[in-house]
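By letter and in written order, the chains are A, B, C and D; residue numbering begins at 1 in each of them.
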Amino acid sequence: MIKSGDYTTRELMAVAGARELQDNQNVVVGLGLPQVATELARRTHAPHINIILEIGVVNPAPIEPTVGIADPRFWYKSEYFTTFVGAMGQFLHRGLVDVGFLGGLEVDMYGNLNSTLVELPGGGIRHFTGSGGGNDIASLAKKTLVIMPHQKRKFPPKVSYLTSPGYLQGGSSRREAGLKGGGPEKVITDKAVLGFDKKSGRMKLLSVHPGVTIEEVIAHTGFELLIEEVTTTAPPTENEIRLLREVIDPLRMYIK
Amino acid sequence: MTKIVPMEEAVAAIPEGALLALGGFAIARSPVAFVHEMIRQGKRNLTIAQCIGAFETDLLVGAGAVKRLIYAGGTLDRPGPLHNINRAIAQGTIEVSEYSGFSLALRFLAGSLGLPYLPAYTLLGSEILERLLQEKNPEVALGECPFTGERVVMLKALQPDYAIIHVPRSDPQGNAIIYGPCWDLEAALAAETIILTADEIFSGELTPQQAQEVAIPAPRVKMVVHQPYGAHPTSVYGKYDYDRRHIDEYVSCATTPEGMKKYLDKYIYGVSCFDEYLELIGGLRRIQELAADSLKKY
Amino acid sequence: MTKIVPMEEAVAAIPEGALLALGGFAIARSPVAFVHEMIRQGKRNLTIAQCIGAFETDLLVGAGAVKRLIYAGGTLDRPGPLHNINRAIAQGTIEVSEYSGFSLALRFLAGSLGLPYLPAYTLLGSEILERLLQEKNPEVALGECPFTGERVVMLKALQPDYAIIHVPRSDPQGNAIIYGPCWDLEAALAAETIILTADEIFSGELTPQQAQEVAIPAPRVKMVVHQPYGAHPTSVYGKYDYDRRHIDEYVSCATTPEGMKKYLDKYIYGVSCFDEYLELIGGLRRIQELAADSLKKY
Amino acid sequence: MIKSGDYTTRELMAVAGARELQDNQNVVVGLGLPQVATELARRTHAPHINIILEIGVVNPAPIEPTVGIADPRFWYKSEYFTTFVGAMGQFLHRGLVDVGFLGGLEVDMYGNLNSTLVELPGGGIRHFTGSGGGNDIASLAKKTLVIMPHQKRKFPPKVSYLTSPGYLQGGSSRREAGLKGGGPEKVITDKAVLGFDKKSGRMKLLSVHPGVTIEEVIAHTGFELLIEEVTTTAPPTENEIRLLREVIDPLRMYIK
C-alpha cells in the first residue's frame, strides 16, 4: 500500500489526470503533466487512446524527454502528420476531441482561463503566451481538464483577460454564446481536484490531496468555492508510480 | 525553369510595409536565415501573420522591423517565452491582433482557397473575440448560419503578400518537400507569393515517390533560396535538431533590450551572411552534432 | 487494436436509407467490392454523395439501391457514360441534386472540419444553382460576404453517415495510404464513419516514411475490409490498372435495363463473394495482366 | 509551306487552341483536344505552362494515350498530387487558373454551355455528363476556351440548360451575377474560331478555317453571329504538325 510520502504531488496530479481519460478517446495533449497523464492512461486503462498535437501530429510515442510540441522528440513514432487545420479542424472543430488539457495564468470561478496578460499594479500590462490552440480547445473539446498551481492570485473571482472560455458568466451563458464544446470538467491543482456545478457553472471542491485540508484549499482560492461532499484524492497505485518513474518520465522532468 | 536566387536578391524583393506569413512554429522550421537578411537589409513596418509565434518572429520584432503582428500567441517551448514580442505588446511598440491558433489558421485556409471568409464556432465568448471585433477595420464578424441559425464567427480570408517558408528539400522549380507535420501549409498557400528557403536542392525529374512528398507545388512558388541549415537554431525534421544551447543563449539575451541588441550585433549585424553566422555558432562541428538521426528524424 | 472485419459484416453495418459518400472518380479507385456486397445484401433507399460520378455508383443505381444522388455529373471517361445514372435521372426513378464538382467538394470540406457552411463564388448564374435553390430543403443559399459585400453561394456542410473508401494499403488500425491524387479525401473525412476496403494490409509500427504517406488516420476509421483487387475493374494507382475489357463489357450491358440485369445476375448475384467475381473476370491470369508497373504506377 | 490538304481539321483546332496559351500560365486540362493543344503549346512557345487536372494532379507528362483524367496514364511524371479541393480550390477558386478548356452539348450566343441534359421532342429529357468541374472552370478561370463541333443544333440562341456560365444574358449580367472568372474567350470549332464582343457578350466570328466560307459558318450556327473583320485561321506550321503526329499523339487518337 502506497503512503503519502511515497509519491510527489506532481505524480498525484498526473494520476488524477490519467483517471479522467477513457479508452478510445481522442485527446489533445501538450507538454508536461498533460503528456505524462495521457501516457499513463495509455499504459494502464486506456491503451487505445489517440493523442493529437495541434502542430499536426497524431499518435506519437516519444521515448525521450521533449521541450514542447514543436520538439521533434515529441513526434517520434507518429502515425500521421497533417497541417494545423488538419489537426485542429478535422479533429477538434469537427467535434471529435474528447478531452483537451489546458493551463494558464489564472482560472476564475467559472473555469475561464487567462493565458494572455496581467495588469501590473503600477499600470500597464505584462504579456504572456496568449491562446495558441488553448482557446480553440476550451471552445470545442467535449471536455477540458485544467492543470494549475493552486495559488490565490491564480484563482481570482474573474480573470483579468478571458483567453479561453470556461462557463463564462455561469448559468447557460456558455451555451448561449454558441460554444459547442462541453467546457471544463476538472481543475487539477497541487492541492485538490475541483469540478463544476452543472447548473451554475461555479467551481466546486471535489477532493483534497492527502495531507491537504479543505481550509488550506479555501485559503489559496480567491473566490468562494462550492463545497458539498469532499473526498480525499485517491493516491497513485504502485504500478502507476512505477510506470511514471521507470517508463514515462525516468529523468523526472515533469513529475519531480 | 530554375527559380533559385541568392538570399540577398530574394530578401530585396520584400517591400517596406509588406504583409508576411512566416513559416516557423515555436522552435521548428523557422526561416531564420531569411529573417537575418531582412534585418540586415533594414526592413521596416512589416506586418507578420503566423498561427503560433516562433523564433524568427521574435527576432524580427526584437530588431524593430515589425509594425503589426497577427498571431495566436506562442513561446519558444520550454526554453522560454517570446520575450521581444511580449515586451513589444506590453509597451505598445507594435500593434497586435491576437487570435486563437485555429481561427487564424482558418483565415489562411480561406485565403488559400480564395474563399472570402470562413464561419466557425471558436473564439466565442472570449476577450480575444471582443478585441478583434473592436478593431478599426475588423477582420472578424459575428453572424449566423443561414441553414441552422447558429451563431458563428466569420473569419475574413487572409492572403499575405509573401509567405516565407523554410523546407528541407526543394527542386529548382520550387516543388518543396516537407517532412513531418506541416503546420505552415495553409499560410504558405494563402500568400500571393511564396518564397522558399531550402536546406537542400534536389534536381532531375521527380519520381512518383517524390511527387507524393511534395507539399508546396512549383506553380505557386516564385523564388527558391538554397541555404543549408537555414532554420538554425530551430529544427528541421529529418534534417537537423534544434540547437538548445543557442536558443538558451538567445532567450537569455532577449530578456532585456540591451541583451537583445548585443545578440543582434553579434549574430546578425556582425556577419555578412548566414554562412558566416553558422561559423559563429560553432561551424561544421556544431552542425554535425545537430544532424538528425536517420530513423528518429531528429 | 485491429479493425479488420469481413466484407459481409462491414456491409451489414450500413442501414437502409443511409447517406453514403463513395470514393470512386470515373474509373479510378471505386469501392467496387463493397458495392457488390451491398447489392447482394439488397440495400435500398440509399443516398449517395460523390463529387464526380463513378463506376460503383452507376452500378448501385443500376441495381435499384439508390433513392437520391448528390453529385456533379460524370462519365466512365472514354469507355462511356454513366448509363444507369443518366437513365434513372431522365426517367425520374431517382432524385438528384446536381452540383459542380468544386461546390460539392466544399460541402465535404466544411463537413470534414465541422464548419457549418462555406461561402464561394462558383455556381453563380447557372441553372444548377437555380435548381438547388428551389429544392424542398435547400442545402445551398445566396448571401453576401460581410467584409466585401460581394455575392456568395453558401454551401451547407455535408457529413455523410458513412464514407466507403478503397485504398491500396492500410494497417489493421486503419492508417490508410493512398498513392497519387486523393480526390476523395475531403469526402472521406466529412463522414461520421469511415469504412475502408484495402487491397493490402500492412502491419507493424509505422515508419516515418509510412506515417508521411498516411492519408486517412486511424482514429477516424471504424472498419477495415481486406479485399485484394477490391476496386476492379477500376484502377488503383501503384497497384493495378483499370480493366478496359471489363469496363467496355459493362458499358455495353448498361446501355439497356435488360443488359444491366444480365450484368448484375452474372457478376454480382451469380457469385457469393468478390473473390468469386475475380475468378469470373479472368482470375489470376487477368489480374496479373493488370498489375501496375513499378515505375509508371499503372 | 503547309497546304490545306496537309493537315486535318482537328490538327488545325489543336493548333488554334495551343496559340491561345502563353508561357507560365496555369491551365486546367481535360481529355482530347485540350490535352493535345496544351501539350503542343508546352513543346513550342510555352515551355513553362502548368497543367492542372481537377482530379488532383499537377504537371503530368503522359507518354501513352489516356482515356480521361481518371486514367493513371494521364498522371505519369506528375510533380504534385493533391485532393479535389487542392486542385480546384488552391488553383481555380484562388483565381490562379489562366485558361480552362470546356466543351458541351450546346453553346449559345453568350457562350453559355449546356452539358447536362436535352429535352426530347416527345417530352421528357435525356441526361448527359453534367458539370463535373466544368461549371467551376467556367465560373472561375481567367478565361475559357470552348471546343465544340460546329452544328446548328449545338449552337442554339439559348441553351436548354445552363450548366456553365458564359456571358449569361449578355451585357454586364455575368459580372452582376458575381462571377470572378473572365468568361469564354474563344470558341474553337471544326469550321471557325469565334470570340465575343466585349460589351454585348455576343459571339463573334473571328476566323474561318481554310476552305470554309462565312456562309457555311452562318448556316451551321443557330443564332445571329456578329461578323466584322473575318480572317482565315492560320494553318499549322510544319513543326506543329510534326510534333502532333510524331510526339504528342502518334496513335492519332485525338487528331485524326
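One rule holds in what follows: contacts are C-beta pairs under 8 Å (C-beta built on N, C-alpha and C of every residue); 3 or more make two chains touch, one makes a residue touch a chain.
Predicted model, so just to flag it, every value in this text is computed and none were measured.
Set side by side, the interfaces A-C and C-D show unequal numbers of C-beta pairs in contact, with more at C-D.
Using CA-based centroids throughout, the chain positioned farthest away from subunit D is A.
Separation between the centroids of subunit A and subunit C, computed from CA atoms only, is 40 Å. Separation between the centroids of subunit B and subunit C, computed from CA atoms only, is 38 Å. In whole angstrom, the spacing between the mean C-alpha positions of subunit C and subunit D is 28. Distance between chain centres (mean CA atoms), subunit A to subunit D: 58 Å.
Residue positions of subunit A with contacts to 2 or more other chains are 78, 81-82, 85, 89, 93. Multi-chain contact residues, meaning those touching two or more other chains, occur in subunit B at positions 106, 114-115, 120-121, 150, 152, 179-180, 208, 212, 297.
In terms of which chains touch, the assembly is arranged in some other way, matching none of the line, ring, star or all-to-all patterns. The chain pairs satisfying the stated touch condition come to A-B, A-C, B-C, B-D, C-D.
Residues 25-28, 51-54, 71-75, 77-79, 81, 85-87, 89-91, 98-103, 105-106, 108-109, 120-128, 150-152, 179-186, 235, 237, 241-242, 244, 292, 296-298 of subunit B are the ones that touch subunit A when the two sit in their complex. Residues 106, 114-121, 139, 141, 143, 145-148, 150, 152, 154, 156, 179-180, 208, 212-213, 238, 295, 297 of subunit C are the ones that touch subunit B when the two sit in their complex. Against subunit B, the residues of subunit A that register as touching in their complex are 31, 53-57, 67-73, 75-76, 78, 81-85, 87-89, 92-93, 115-117, 124-136, 139-140, 161-165, 168, 173-174, 177-180. Only residues 26, 47-48, 50, 52, 58-59, 77-82, 85, 89-91, 93-96 of subunit D touch subunit B when the two sit together in their complex. Within the complex, the subunit C residues that touch subunit A are 1, 112-115, 173, 175, 189, 205-206, 208, 211-212, 214, 217-220.
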